[in-house]
Amino acid sequence: MHIGLIGLGKMGNNMRARLERNGIQVTGYDTNPDISDVASLADLVAALPAPRTVWAMVPAGDITDSVVNELAGLLEAGDLLIDGGNSKFTEDFKHAELLAKTGVDFMDAGVSGGVWGLDNGYGLMVGGSAEQVERVMPVFDALRPEGPRDEGFVHVGEVGAGHYAKMVHNGIEYALMQAYAEGYELLDTRKDIIKDVTGTFKAWQRGTVVRSWLLDLLVRALEQDPEFEHIEGYVQDSGEGRWTVEEGLNNAVPLPTISASIFARFVSRQEDSPAMKAVAALRNQFGGHAVKAVD
Amino acid sequence: MHIGLIGLGKMGNNMRARLERNGIQVTGYDTNPDISDVASLADLVAALPAPRTVWAMVPAGDITDSVVNELAGLLEAGDLLIDGGNSKFTEDFKHAELLAKTGVDFMDAGVSGGVWGLDNGYGLMVGGSAEQVERVMPVFDALRPEGPRDEGFVHVGEVGAGHYAKMVHNGIEYALMQAYAEGYELLDTRKDIIKDVTGTFKAWQRGTVVRSWLLDLLVRALEQDPEFEHIEGYVQDSGEGRWTVEEGLNNAVPLPTISASIFARFVSRQEDSPAMKAVAALRNQFGGHAVKAVD
Amino acid sequence: MHIGLIGLGKMGNNMRARLERNGIQVTGYDTNPDISDVASLADLVAALPAPRTVWAMVPAGDITDSVVNELAGLLEAGDLLIDGGNSKFTEDFKHAELLAKTGVDFMDAGVSGGVWGLDNGYGLMVGGSAEQVERVMPVFDALRPEGPRDEGFVHVGEVGAGHYAKMVHNGIEYALMQAYAEGYELLDTRKDIIKDVTGTFKAWQRGTVVRSWLLDLLVRALEQDPEFEHIEGYVQDSGEGRWTVEEGLNNAVPLPTISASIFARFVSRQEDSPAMKAVAALRNQFGGHAVKAVD
Amino acid sequence: MHIGLIGLGKMGNNMRARLERNGIQVTGYDTNPDISDVASLADLVAALPAPRTVWAMVPAGDITDSVVNELAGLLEAGDLLIDGGNSKFTEDFKHAELLAKTGVDFMDAGVSGGVWGLDNGYGLMVGGSAEQVERVMPVFDALRPEGPRDEGFVHVGEVGAGHYAKMVHNGIEYALMQAYAEGYELLDTRKDIIKDVTGTFKAWQRGTVVRSWLLDLLVRALEQDPEFEHIEGYVQDSGEGRWTVEEGLNNAVPLPTISASIFARFVSRQEDSPAMKAVAALRNQFGGHAVKAVD
């Protein structure tokens, strides 16, 4: 099988390697000419055998949107485009509709695994028709982890369902990370009692209820920098966490831990908190409590 | 009526003024000899007519504990001690038991109102027997706000009940302040839309559902420093908020907003967050996401 | 001044009464012919002197949208429509643009006060140009509470700003209510200590830091039904709370108490919680903890 | 090695089996004579070679307390008692002090793994001196999972440290479970999009960031009862989660997700929520919003 792959960044490049390692021929396109196999999207389309299969692995939002729009003018009836980036599921509905006008098929694929996917395989959640899934299965099988297919791949539903599942996956991921982080902070704060914080996390890797891949990574990080001396408590967030909470709001689903973990990230990026300034000002007003004045 | 007042700080001094203004004779004791009427607790006790009424207005914890212990050796059967500070209700049980050994009565009084109490009167929540309450009522009437007694004073229950009610009052207060503060931050962040943040809060003072005394104080603070330029978002907490959540835990009562407001204060005081360092480290481990390195 | 008022429900009817009481002539339209002055929106427009001022007070969403669309075909250049309902601020942008095509002015007004507005006046937050605000000021002055104008009325910014401020107002309101409710539950749970729950809330009305209009209403509710025996813990939410959190997410503003109060409402409406079924199932899996089986 | 084991319930019995399987001789005592090897604690002590090693595996609180107190009168200098139950770490300080009076050693051990521990091994976190740890190491090695010792066992610190680490472990566990549960509820609510909820969780088992043992158990539970039709969303909590939050409060460590998961359990057990009754009553007061009346 021979596919086109758009986006040869950190994720795309690793995926290309895994695909090729598993017998899929890949022609890659990237805006960076140094790493691109072809000069343009038009050249990419020209280089692929019809009916074409193209996998887009570019940042969600404007960039994905512009790639899809350009491809809508290049691909032909019977071709198939897969958006493997982190697009919002509502974008998939729009993109599928656009491409359907010229008979081009569209699928969405949520891809998990980060930089470890090259060796471990990528967890895949895909949306589309049964026929589309069957057609792309060799690609999915090349990307997903070893072992039973249904433990690393799922056909979630129609177009949009793959990204929906990935969105929720990431929402859960945020809260899992926050849970371990809270426990870490408490243990770290009571080093008068806990003489071996890293060792405690390390010992949770086998037998305990909290063992997980994230725990393994936390142990790895602690072994590299046991006091996190070389890292700031400043945490970005991508869209999926926010969209998960937005979906919770739209569907009256309570998401207290997922929202708490996103809010914690927001706070982590603030130099000072306007809200806490207001609280400090209020305390000062009613109680005459001293405030910390800005110098 | 003639009472003793222990603690002539910000709160105690204002209370003394309001008591005297309303016809209660006060002999005051403070560890600061410049403002104390008498040289010692023993002198205070000696200066009061028996049966004595003594109001302690000192910091909760060790200081209150030591005052009560010293008074236990000075007061006589039939005397009455009122703890008007912010003691934990469980301390009241202990203090009442200690004093009962020598026939000394004990009451607890939660006092709200801050620096405004001198002029507005103090909201009072008291614990003790009906007889005790009746005996001290002239003092309560002098301290409480004008208007119907039951809108500014309550006999909550037996010893400890007054401080319990005050504890919950403060727990609620924390969450109310946080609620306004969150709204402030959102309005302040969208100054592209909200052209008059202070004016918006000011306009909520009459007619709206959110009008309150805290809102009035927030308007006052914003009019003094509209951008909170001279204040840091660093907020202390006294014990009551924590005890409220502890009681929620002990009694299986969910307190999501009260706990959230206390946690927000904890975060406000951290230079960097160990928990968010852990999250940043985790993201770096699985996604190769750049971390903000400490310089 | 003579204006048209669309929507004569609970809110609209009270507003009409207050407007007329304060010298504004009102022609009202409602889809219910029994209470409507005119038979149609076209008749309403015909009944008003040009340039017309029309105030829409109908449910947000589809109904407001259809009213605005119909009026777009009826009103003339120089007329002015005010949306006083609880529309999302993004709707205002759309409606202003639509009406601008035919030279019709558009303003948005957030209105707070509920059923008490008739007598207390309505807190008003409006969006539009300075000229528009000046033109409608007699109406705003008739609706707003007695006292200084800027304590019950604010010109927040351009179109959309009024509804934005009202949205945040309601978000805050949710969290304030939740705060009192959590305190109530804790006091109610410890009736072994708190012998007079209603009396405790009543005593907070004067002098304390937590005094507010919502507290007054809670006291009123407790006096009518001290154990809330005739009420279920089932709470609806209108859109503003959700939109507030959505805006927090969009702007990276942490809103822990506001989101917690919305989630509490979601839970209150569930017969059983899918999430807690999953937790119960998990505990059963690892610990052999008994689950409560559905009969 | 020959030890005494007190408590032959679900956990104790499995631990006994694993100990014996790995060459440790066990004399067991239980209050249930049908399963007990000896008739009393005195008989247990008599049956063990001095210096004795006794492992208590009984419910935390009063029962553990009474077992320790009885053993204090039976064990002799040089004997060693290990509390392997879920005691609060502050209890350990008390128990160690009591036993030290007669020269009896005391250690605490947090044990994780539930009903799976028999086959998987138990994650162990222990508190005590280096000498004590060395002395009991054959027992720890018999109980812990296969593989490197430090991935399933940790000597956390002095007495109390083992239970402290286990407490935090369980606090984290609560939040992890809640995180998956929230994701489950959102997916389950959007079954219009997610055609295969169980399959989605199943596919997260390999390659994804959220893979974990708890996820494996959730898949197992969903495969047994895909709609959770036979389970109620009613979730108990043991002490550790509460103590974790209490420790967070005592040490100014923010724990938003851990506290949220405990509060969710509290709510799950309420027939109706007093807090939400109060919110419903408030909405009714200001807005005339209909309330759901109790029939």
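Chains: A, B, C and D, in written order; residue numbering restarts at 1 for each.
Keep in mind that, in the parts below, contacts are C-beta pairs under 8 Å (C-beta built on N, C-alpha and C of every residue); 3 or more make two chains touch, one makes a residue touch a chain.
Treat the numbers as computed from the prediction; the structure is a model and nothing was measured.
Colleague: Keeping to the contact definition above, tell me which chains border both chain A and chain B.
Modeller: C, D
Colleague: For the two copies chain C and chain A, is the contact made of the same residues on each side, with over half of the numbers shared, or of different residues?
Modeller: Same-residue interface.
Colleague: How many degrees of rotation map chain B onto its copy chain D on CA atoms, rounded to the nearest 5?
Modeller: In short, 180 degrees.
Colleague: Please identify the chain with the largest separation between its CA centroid and the CA centroid of chain C.
Modeller: Following the centroid criterion, the farthest chain would be D.
Colleague: In angstrom, rounded to a whole number, how far apart do the mean CA points of chain A and chain C lie?
Modeller: 37
Colleague: Taking the mean of the C-alpha atoms as each chain's centre, how many Å separate chain A from chain D?
Modeller: Here chain A and chain D have centroids separated by 33 Å.
Colleague: Where in chain A do residues touch two or more of the other chains?
Modeller: 114, 178, 180, 182, 185, 189, 209, 214, 253-256, 260, 263-264, 267, 275, 286
Colleague: How about chain C: which of its residues touch chain B in the complex?
Modeller: So the residues of chain C in touch with chain B come to 89, 112-114, 117, 120-125, 144-147, 150-158, 160-161, 164-165, 168-173, 175-176, 178-180, 182-183, 185-187, 189-190, 193-196, 199-200, 202-215, 244, 247-248, 251, 253-258, 260-261, 263-264.
Colleague: Looking at the complex, which residues from chain A come into contact with chain B?
Modeller: It is residues 10, 114-116, 177-178, 180-182, 184-185, 188-189, 214, 217-218, 220-222, 225, 228-236, 256, 264-265, 267-268, 272-289, 291-294 of chain A that touch chain B.
Colleague: Using the touch definition up top, name the residues of chain D that touch chain B in the complex.
Modeller: Listed in rising order, the residues of chain D that touch chain B are 209, 242, 245-246, 249-250, 252-256, 259-260, 262-264, 266-267, 269, 275, 286.
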